[in-house]
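Going in written order, the chains are labelled A, B, C and D, and every chain counts its residues from 1.
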């Protein structure tokens, strides 16, 4: 039973190599998490256990894939970022995306019991995620993408916080709350929270307001100030030729170095320059110095 | 904090709609299963628990996605097939592939303990899968793809069975066994098995020799014979216009009908016509009759 | 001055191989022909010289590229069709499309003076064309594409013929004619033509009503009638495996055979089966018999 | 005769929007110019008429498409460059490529008689060109692409010049000349030219040694020197957000401004920074000042 007469079907596979020297963002989203969060009784507007579980799974993905330089999560979505110099899986799009989706899912399911000890998963209602890759040519575009997600987090969280206070504490119907919030701006919502419920939105948990930023921890740089301050550019934009020549061996060496760094989760502003200036290894793609005593 | 200045980044998402009226095969593969099978002590050449776990996860995927018409699994790979008339997720490639990869992974992890009760998963060494979509324009191409995988299963299994008998029973070193098998044809391997170990390869388990075929069960058709026998064509090839007009409502109705059918796993020949002739609903994409008493 | 430090830029070229075993339609359209037809005083609603020039250029394209099996032209657009078995330029999309666009343009410019002897081209106002490839998986889809273009030809020509009679003979303003035709159906337009201008639309030139079909001429088959009549399928759908194995040498031989056939232009119905039944070489991709005495 | 039953075929067209904020290079190549140059007796190693014709056609393409910022030509190839901020044809790849190929071909055919007055084109042996788009994310990548083409020009021209002197003046056979040149470096070829034929390669025509650079002419900037000198970055890399918001109206205004500038052909070094520093409008995408008295 020779296979040669069927092997022609291999020619139907189409290549999907992602353009070199570009930022690759793989964004994953929970499938049907609206229903799922009801089934497993997630708390509204934020369920800390669910967010911690998302973050724990994301940390494992970063540990597993040293080529990732940063990730950002909010609600049931997570964005994972590969550096322009990344050549993992020869930059095959489907391979990069499915590897992240599958690794994330595996850890999410595996860790569920740790975060929801009293709420076991019931088959077939298992959490799952879809994903896609988006490509950004410049560091500015990448930063704008990250800012977009964090602003979205803020806007949604302010809305949801207000809405659920109105419903849970204010005993309004969903429809009435929705109706009243229609057309309001941030200051209106802040005022509702403060006047009616005595809530200062600024005192809400950072994880709810800022989302979660996951990255490798090295020694922070001093914050530079003044006009000479400069956000580091992607390696690729300054010296891509050199970088193109990084050998497989060197790539593997860099991966090993990265594995030594601790992967941390922080809930901080990533819109302003400071975050990126103090952590130049993220945008440069060059490992920093391990913190003393680490 | 308005988001409008960042929203332009959405324009970088590129569409990936799969060509209409074509068969879509999503093939997933275990990531690093060579190491993984060593860590969790999978039996050689075949570990029935591992195969049953693959099949159980595949069955859940077919239950979850009624648009799938058939799947075929061997070793740590599985191919899932969408019909040409499928419009799930508007045929967005990444969405189709990641949904299957994630759903499969979720059930694989969730079911692990049932199939490996004495061998718990150890983080971070969790099983995961990558995947890709391949598109086939005609039913013949699709059948040739399926045949290709099943012939591959046969070739690999005959080799592995012989190799591991030589090593495990014959006490040969891996290198010696490999060396002796180099250049042998099927009959040589059959003879080694029979002469040295008294093994008739034909009596090996069908699941090892044929792999696993997963599909919805309806009433089988009589086997036709003679020249008028005809393998059903894909709906799309005969009446695609009509099919193009299937409304969303009708699609949803067909999905509901499909959910009623039982999803079964069989270890049978899918190279010859008979399998397809007796189960015309697979290639036609039209639900068959539910078996009596079901 | 070594080039090696720059050669990495070659890696940015992305493959664009068209899916095997599918029909490839390359459609080209005149760029800004509205203005151009005014500048060179094309007659309304149809300029026979302009159509004959389009057809002459299309004939040269078919002569130059024996892999093309048929082409269909109407107004300033032309669709060129490659057979599923075509492997010209390894099916690279951009190469196929640009070769057709450039060859067509070259002949169009070169032949201009023959068809417009009193109206020389004036630089920079030269005719040019853009193009794109569309892929069809089945013969039915391809035939529906061809039908779509021919129905479009009919609809536009009936409208334009009526409109220009109303303007040129009926002395109506463009706006008034447009207004009156809004919402009319075919029979209304036929009636306007007949009642007001004594024109029987059926007697209009076939080239205007049907467009132009370009193909290689072999001996016609007898028209089959009755239920056993069958439109030939694409080779690929019946025996693609075999076809996949056509060697480069055989491909070149087939090309030579095809070059011997005469390329003809006809203005006939391509919606009904008859056209295709009598010329089975078009859909089968196998050269027919040269006509006697040719 | 309604068209609705066929219109579904439109859904088979697949989008091919090029990634925003990237450099687009459309490279065209003469089809079969080896044979063609023999048929029309092009001079070896360089035919000035043929190069001038290529340049004249390229100038017309830049005049026709103000979105192009620069082009570079050598032998029978030409590279046309769109700025990252370009939104012509919504950045549809096939449309951009075919428009350039067709416009170039049209002018090439139209202008032939001017450059080859004694050698009329003979149908069907007409010149034609194929083309493709390549995308570069950063200005450095784009500059490296341009350098790659110019170094290639140098390497090929030195080889060809030496080879043809050996054959035409030295009366060597093609094979012998080829054999002797195998493995030689630049200095060897320079020496052959000088010692045997008294030719100083440096005195060869710049158009042969450097190729042809086509761009819009504005007032040159002073050459900056010293460490503060800086090659301008693409607009997109510094302020892409703003640029994203350039309205259609503004785009059209910029196009009009560009049309006023003269398109020039120069044979100069584009590898070093100086060319780009003195003509900042090319990389910035912002029109410069028209030269005084222009």
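Convention: contacts are C-beta pairs under 8 Å (C-beta built on N, C-alpha and C of every residue); 3 or more make two chains touch, one makes a residue touch a chain.
These numbers were taken from a predicted model, which means no experiment stands behind them.
Participant: By that same contact rule, can you tell me which chains touch chain A and chain C alike?
Facilitator: Shared contacts of chain A and chain C: B, D.
Participant: For copies chain A and chain B, work out whether under half or over half of the interface numbers are shared, and give different or same accordingly.
Facilitator: Chain A and chain B contact each other through largely matching residue numbers.
Participant: Consider the two chain pairs A-D and B-D; indicate the one with the greater count of contacting C-beta pairs.
Facilitator: Looking at contacts between chains, A-D has the larger number.
Participant: For the identical-sequence pair chain B and chain C, what's the CA-based rotation angle in degrees, nearest 5?
Facilitator: 180
Participant: What's the distance between the Cα centroids of chain A and chain D, rounded to whole Å?
Facilitator: 42
Participant: Compute the distance, rounded to whole Å, between the mean C-alpha positions of chain A and chain B.
Facilitator: The mean C-alpha positions of chain A and chain B differ by 32 Å.
Participant: What whole-number Å value describes the gap between the mean CA coordinates of chain B and chain D?
Facilitator: 50
Participant: Would you please write down the residue numbers of chain C that are in contact with two or more other chains?
Facilitator: 5-6, 8, 12, 14, 19-21, 135, 141, 144, 240-241, in rising order.
Participant: Residue numbers of chain A touching chain B in their complex, please.
Facilitator: Its residues touching chain B are 1-3, 5-10, 12-14, 16, 28, 31, 60, 63-64, 93-95, 97-99, 101-103, 105-111, 121, 123-124, 126-136, 141, 144-145, 147-148, 151-152, 154-155, 186.
Participant: Could you list, by residue number, the parts of chain D that touch chain A in their complex?
Facilitator: 19-22, 84, 135, 137-138, 140-141, 144, 236-238, 240-241
Participant: Spell out the residues on chain B that touch chain D in their complex, using ranges where they run on.
Facilitator: Chain B reaches chain D through residues 5-6, 8, 11-12, 14-15, 17, 19-21, 241, 244-245.
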